[in-house]
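My questions all concern the structure below.
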Amino acid sequence: MDAKEIIARRVAQEFKDGDAVNLGIGLPTMVPNFVEEGVELQLQSENGFMGIGPEPDEAHVDMDLVNAGGIPVTVVPGAAFFDSAASFGIIRGGHLDATVLGALQVDEEGNLANWMIPGKLVPGMGGAMDLVGGAKRVIVAMTHTAKGSPKILKKCTLPLTAAKKVSRIVTEMGVMDVTPQGLLLIEYNPEYTVEQIQAATEAKLTVSSQLKKMF
Amino acid sequence: MDAKEIIARRVAQEFKDGDAVNLGIGLPTMVPNFVEEGVELQLQSENGFMGIGPEPDEAHVDMDLVNAGGIPVTVVPGAAFFDSAASFGIIRGGHLDATVLGALQVDEEGNLANWMIPGKLVPGMGGAMDLVGGAKRVIVAMTHTAKGSPKILKKCTLPLTAAKKVSRIVTEMGVMDVTPQGLLLIEYNPEYTVEQIQAATEAKLTVSSQLKKMF
Amino acid sequence: MDKQISIEEAVAQVKDGMTVMIGGFLACGSPHRIIDALVQKGVKDLTIIANDTGFIDKGIGKLVVNGQVKKVVATHIGTNKETGRLMNEGKMEVVLVPQGTLAEQIRAAGAGLGGVLTPIGIGTPVAEGKDQLVIDGKTYLLEKPVKADIALIAGTKVDVKGNVFYREATQNFNPLMATAADLVIVEAGEVVEAGGIDPHLVMTPGLFVDYIVKA
Amino acid sequence: MDKQISIEEAVAQVKDGMTVMIGGFLACGSPHRIIDALVQKGVKDLTIIANDTGFIDKGIGKLVVNGQVKKVVATHIGTNKETGRLMNEGKMEVVLVPQGTLAEQIRAAGAGLGGVLTPIGIGTPVAEGKDQLVIDGKTYLLEKPVKADIALIAGTKVDVKGNVFYREATQNFNPLMATAADLVIVEAGEVVEAGGIDPHLVMTPGLFVDYIVKA
């Protein structure tokens, strides 16, 4: 099981039946493959619908029906189409149970940076600022480090996507909650020791008294 | 021809084909009966649609389709239904070419009062404040006096519906425009003399050099 | 995730003293069965937010007549003499709001916005005691978001996921209220399976709806 | 009141230096035929307001690649490398806006509101230089309305009155932009008679649309 699959599998456990969720581009879109039997998520596509279904086979590609990454999808029975103002009313208004996004950096205060590297890469925030600012829970799903460098920092150095909004961080090494006292390691991947996880993390990790294995 | 019909006939001349118009309850709803051949108005019902059609006969009454006065109506081909926010987006956003409303009082500055008589009658403003504030043109359509008392005043004494928004006043006696210099009488009903019209009006009327007959 | 409940379960959610939004426009598009059950149950001291107070024998008016309402926030009360009488006798508080403003205030609450900046009401009693902002040379009133403990709405057709289709003019405030309350109950003219409503015709996405009651 | 014009007449409306809104999300729901004609015509110094700048060979991106754009207001430019290059070389101004904010700014302009009070962007570069208001203890950014000289939108089905139906995810910014420009041109996948669209499926009422061009 590669890192991405570990992360997606673990994030999939965060949800209960009926949760309304927006999944960021990339790794987060793998999450629905791993939700348990009986849990049906209401997946939002911020470009304008609730009820994302599986990707279509080539014969059923419909370019009027793409997700926020521009990739053709389908909708499940009971979907709903709407415009961008309604879509972000859902997001900003706190009607999503959770959003799952990747990050360039996240820090011990729950700050998140994932939309630009000044002078280098400026793709824009798209819907990320609204999603992080508006969803009831913000789950960061990412590999623990980037080319060996920590992404979980004491303080983000890149321009923020939103301040103090991250609830939980899921990586291939473990699961960390953002608390008023900083980051709390609540689960770990038994392939790593707590010391190894801390070594890959710039922020100080407090180890939960109920620490358990991710799997 | 009674006073109301005179007024409605004259107001009907204000429009060109395709104009989007909201007609207040009462007298204004008579206007469409008098628009000339070839002029089709887009009539808004602020409770949620464009394209009001004629009243249905009894067999076709549908209580899901009522106008803002709660009276069953029909819709024309090419109508559109929407919610109250969209409806007042149209109104407040300046997308109506005109609104036609009655008034308790109107004054020489274009102020309008038509929603309450303190301590006596307080029906509420409904959509009137938005309509008067938002429409491109506000046409007051009313009888010139109330039981002999002037309704066209130097200054409204009742709480305002909106300040300085009235464009034109149409009564059974004449047609007056609100200008920076006060009220300009541009048309008169030949059944009255200009002196009689002024006598029935508290505000000073300036007589247009192009004064003409209403009919 | 079955959202269907009985009428008894529905009215049990409404407790004395709660703030309750009720959809409809002059009783068109109101949840009549729930209103009748609330009258029967006798829950009291309610604050009602609605376009109007209907009629003495129809719609929201029944709650007013039955003395169950402490306060009304509405745009128009003229069709229910009892509302005016209780207001004038000081037995019920009435706050009158321009219709477009009330629609936006409810929308703002649902969409996570801090308020509404509207030109409507400037120079009228509506502006009294409220902050005004000058933006690019034009003056706007700051109107605060309006939310409720419960929204009671009515839909023509509702699927089991809570997606709602409103027919003709029954939409009005219903879709807005569905976004702005802690708990949302829809009275359904018809309940259908997921997929039973064309996703283009869904006017309230199911994620906003907590419970469904058959009308 | 025939709103249908030729593609030549449509692009003739777009003049050098104009501010132009263009609908679509990653080229889904964009007016492709009008864009291509604008590229051919070579109109220049445009300010483009759109969700994104599409791709180098598809959608709005073609105008960027062809050097016709002076300034872009968008939420995301990552799918068109040319936008980033021109920005970094100082040859084109780019203003990045959170997606929900841009949607509300356009809606506010169309709905006659003075601005948008949003919590999104606080603590990020988006907030720099903008007014902040504290309302009931929470801080909001004041984002100004966004309007344009022309909106170029795309609809799946349009009736001769200008009523527009958007299929699936093609809605996105199109209905918002239709409310916020001095002139609105819709590129119609199909043009039908008045009454050819179910009034419940009209997502842009015809009064917003000035001209129709067949795709």
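First chain written, first letter: the chains are A, B, C and D, and each begins at residue 1.
Heads up, the rule we're going with is that a contact is a pair of C-beta atoms (placed from the backbone, for glycine too) under 8 Å apart; a residue touches a chain by one contact, two chains touch by 3 or more.
Note that this is a predicted model, so its numbers are computed, not measured.
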| item | value |
| --- | --- |
| Touching subunit B and also subunit D, the following chains | C |
| Per Cα centroids, the chain farthest from subunit B | A |
| Rounded Å distance, subunit A centre to subunit C centre (Cα mean) | 35 |
| CA centroid of subunit C to CA centroid of subunit D, Å | 32 |
| Averaged-CA centre spacing for the pair subunit C and subunit B, given as whole angstrom | 29 |
| Intercentroid distance (Cα basis), subunit B paired with subunit A, Å | 55 |
| Touching two or more other chains - residue numbers and ranges from subunit D | 104, 107, 111-113, 118-119, 167-168, 199-200 |
| Multi-partner residues of subunit A (each touching 2 or more other chains) | 49, 75, 81-82, 85, 88-89, 91-92, 134 |
| Which pairs of chains touch, using the document's own definition | A-C, A-D, B-C, B-D, C-D |
| Of all residues in subunit D, those that touch subunit C in their complex | 104, 108, 111-119, 133, 135-136, 138, 140, 142, 144, 165, 167-168, 199-201 |
| Residues of subunit A touching subunit D in the complex | 45-49, 62-66, 68-70, 75, 81-85, 87-89, 91-92, 111, 119, 121-130, 133-134, 159-164 |
| Complex contact set, residues of subunit C against subunit B | 25-29, 51-52, 74-79, 84, 87-88, 94, 96, 98-104, 106-107, 118-126, 156, 167-176, 203 |
| Subunit C contact footprint on subunit A (complex, rising order) | 17-18, 20, 40, 42, 49-51, 75-82, 85, 88-96, 134 |
| Of all residues in subunit C, those that touch subunit A in their complex | 1, 107, 109-113, 159-161, 163, 179, 193-195, 197, 199-200, 202, 205-208 |
